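In what follows, subunit A forms one complex with subunit B and a second complex with subunit C.
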Partner chain A sequence: MRFSDFTPFDIWLLLQGLGVSLGLFLSTSLIGLLIGTSWAVCRFYRVPVLTPVITFIAELLKNSPVLVQLFLVFFGLPGLLHIRITPTTAAMITLSANSAAFVYVIAVSAIESIGRDQIEAARVFGLTRWQVLRHVVAPQAMAFAIGPLTALLVNQLQVTSLISVIGVVDLTKIGNILNLRTLKPFIVWTVVGLLYYLCAKLLAWLGARFENRLRAHAAWRGLICSK
Partner chain B sequence: MLKVENVKKAFGPTTVLDGVNLTINPGEVVSILGSSGSGKSTLIRCINGLEKLNGGSITVDDFDVGKPKELAEARKRSATVFQLFNLYPHMTVLGNVTLAPVEVLKKPRAEAEATARALLQSVGLGDRADAYPAQLSGGQRQRVGICRALAMQPRYLLLDEVTSALDPEMTAEVLAILAKLAAEGTTMLFVTHEIEFARQISNRIVFLDKGKLLVDLPTADFFAAEGGMTNPRIAQFLSKMRKD
Partner chain C sequence: MPFIVQLFFFYYGLPEIGIYIDAFTTGVVALSIAGGAYASDVIRAGILAIDPGIIEAAEVSGLSRRVTFTKIVLPIALRTSVRPLGSVLINMILTSSILSTITLNELTGSAQIVVSQTYRPFEVYVVLLVVYALLTYLVSLGIALLHRRLNRDMMEAVA
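Take a look at the complex of A and B:
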């Protein structure tokens, strides 16, 4: 066996890389979901000062390349704050913040898609803002947001491949290493691409299932013709 | 007692309510007439606290709607039925009617559901409790809207052009229910364009014109030749409405 062969063991290496990619993807998506949603809730409550600050940060994050943000965190922050940042930490910070910004945008438009009339009705009947959010806005906003959120997550999964550039040993990085060793780019990158593809497909399938459940549960024809 | 005192409301440069005074005693049915844009709906929205006043005050059983601390208590005493129903589309009919009693009045769910089913039964929707609003006709939706308001056991029922979005047949469905409520002694503030119906059920008629309350008269006086009809604006309005 020559070093330039692509062996079954290499698949195992790639799967380990995939584990790192998925781990970072899942954790940063979860953090992004939590932060983005709480930003949107802040906006729903029209918290003074905080709301414009959040909007500004979200705008910055979603209108600049993730790679640039990654370089800024990995190379820029250590110099500025005199701290050490590992590639994984830099990846965690950047991807979480980036997800948060896009989740925020989706959550805000989902909340704003709920008719004012219903919210006013609930307020008039004495429900607090929190009760309105919980019982009237959130269930409908969720059904509205699940489609765009699935699309976002599928995209974020691909975006994780950027972190290989700063040295995180994820699926793409391992692919890169194998590529240099085997000099068989067509095979290596095909396998790498397929692995991303399968994960993305799985994610989209889960999202679609969840969406169907949300909508079937509440007979979502109601969303389209509420009047 | 529901008291509206010298209420002023403007949207930007447009004055919508210009010093309105109105008192509604328990048991009364008061209809508000007036052409579109006269401020009728805005008056309702001021009473239930959806709009901030630019002047004057509104109290519901002595709770001041303008004071944040008293607004919740004031809102518990009145309930609104909306022109466009404003139902929650993701909830069943039963869910729509029980949400506020469970969340605001803290009623046990079973009790709230029993009340809701009885109310739905009384408006002929006993078998639609598990339907979603989108599966109902306009008239049925508005009947749900009325049940949702009544489930709060309000002292004052505010009705904001509740039949304006309905065809004549559905309007008749809804008015029949309102007539029954009026006969049972429900206190109602009834904003409407259904003049004949207002005449049948009201104790008093109030006429709004360009944000000003022109007259506040017992129903018989309002329609009498020597009463409201002496006001040229009202005579003009009534003659136009009756032609239709």
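Take a look at the complex of A and C:
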């Protein structure tokens, strides 16, 4: 029997790959969001030594290809620290760090978009720095950052396809396997591309909805505490 | 659609319809199309950002649509979109590392060869990281210079 035709099982395989891609995407985005935001908070508090270090790391992560970072973690770290790293762990580390760097930039510009006068006014009222961050900066920065964040997430979803190179069986890897078996690259890569496209569209739609809600809130608030 | 999927689409798909091209040409085609898509988005935003009054003024002056576009709209749009175009360019430099997956020995591909010869992956990939960062840093410096030079007559208005 020749296994050169598509079988119904291939759909299951594709969905499995999609699940791995989406799972990694969601978890690394979440970790990246947490780390990136905490870096931005570090900068907001102007922690002495940490802030320049963070800025440097973020710049380095932003200005180098994800593929190279992936190779560094997957091939480089085990040799240096004498540990074993599975492809999934390497992918998690790299993608989280990479998203964190971009989230950091977005969060910093979102915080800076809020006028200094507002922060000063809140400080004069006797709010602590944490209260300023929690009640004045965070709500407005969220509304500002949600647009760029959506664009970033759509991009990060596509970046996850790179982890197939180090052997994580994600959607792209499944596409590769199916392509090698059936030798029908046009159909396989069209379907894979379409699946990615649909996910990205869904993500963009969700982001737009969320942004509308946050913005409506911000506009309503703007009427009351007009500048 | 991820770039790597587009790349595989071209690299494995084109030979099936009788077009045989090497990895380098495939890379050039795929990267050009992906970069072109981003650049068109940027330039479109640049065109939309032009004050409609300028275009109306050109129309009133009796310029044809083609002349309006080539002599007025395009220079302004390209000038204002230098910086976003630069970030598209930097992104393309980073994206080009993916071409190593289709057996093209560019910077990343060569580094992989060096690693397989020396068995020092950490050192090689750290150097590679720094080289890419330096490369994109130099490009962004150049873009900033170009931006300042092209927009020098609007500097007082901006800053």
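One rule holds in what follows: the second predicted complex is superposed on the first by the 217 of 227 C-alpha atoms of A that agree within 3 Å, B and C clash if a C-alpha of one lies under 4 Å from a C-alpha of the other, contacts with A are read in each partner's own complex, and residues count from 1 in each chain.
Rule of thumb we're sticking to: a contact is a pair of C-beta atoms (placed from the backbone, for glycine too) under 8 Å apart; a residue touches a chain by one contact, two chains touch by 3 or more.
What you see is a predicted model; the values in this text were computed from it and never measured.
Student: A:W189 contacts which: subunit B (first), subunit C (second), both, neither?
Tutor: second
Student: Report for A:G175: first if it touches subunit B alone, second if subunit C alone, otherwise both or neither.
Tutor: second
Student: Counting touched residues of subunit A, say whether subunit B or subunit C comes out ahead.
Tutor: C
Student: Can A:A100 be said to touch subunit B (first), subunit C (second), both, or neither?
Tutor: In the superposed model, A:A100 contacts neither subunit B nor subunit C.
Student: Should A:L60 be classified as contacting the first partner (subunit B), the second (subunit C), both, or neither?
Tutor: It touches subunit C, and subunit B stays clear.
Student: Tell me the contact category for A:Q118 with respect to subunit B and subunit C: first, second, both or neither.
Tutor: first
Student: Quick check on the superposed pair: does A:L127 touch subunit B, subunit C, both, or neither? Answer first, second, both or neither.
Tutor: First partner only.
Student: Applying the document's definition of touch, where does A:P139 land relative to subunit B and subunit C: first, second, both, or neither?
Tutor: Touch status of A:P139: first partner only.
Student: List the residues of subunit A that touch subunit B in one complex and subunit C in the other.
Tutor: Residues common to the subunit A contacts of subunit C and of subunit B do not exist here, since the sets are disjoint.
Student: Looking at the complex, which residues from subunit A come into contact with subunit C?
Tutor: 59-60, 63-69, 71-72, 75-77, 79-80, 158-162, 164-165, 172, 175-176, 179, 184-186, 189-190, 192-193, 196-197, 200
Student: What part of subunit B is in contact with subunit A in the complex they form?
Tutor: Where subunit B meets subunit A, its residues are 48-50, 72, 75-76, 79-80, 82, 84-91, 99-100, 103-104, 132-135, 148, 152.
Student: What does subunit A use to touch subunit B in their complex?
Tutor: So the residues of subunit A in touch with subunit B come to 115, 117-118, 120-127, 131, 135-136, 139-140, 143, 218-227.
Student: Would you mind writing out the residues of subunit C in touch with subunit A in their complex?
Tutor: Per the touch definition, subunit C meets subunit A at residues 1-6, 8-9, 12-13, 16-17, 90, 94-98, 100-101, 108, 111-112, 115, 119-126, 128-130, 132-133, 136-137.
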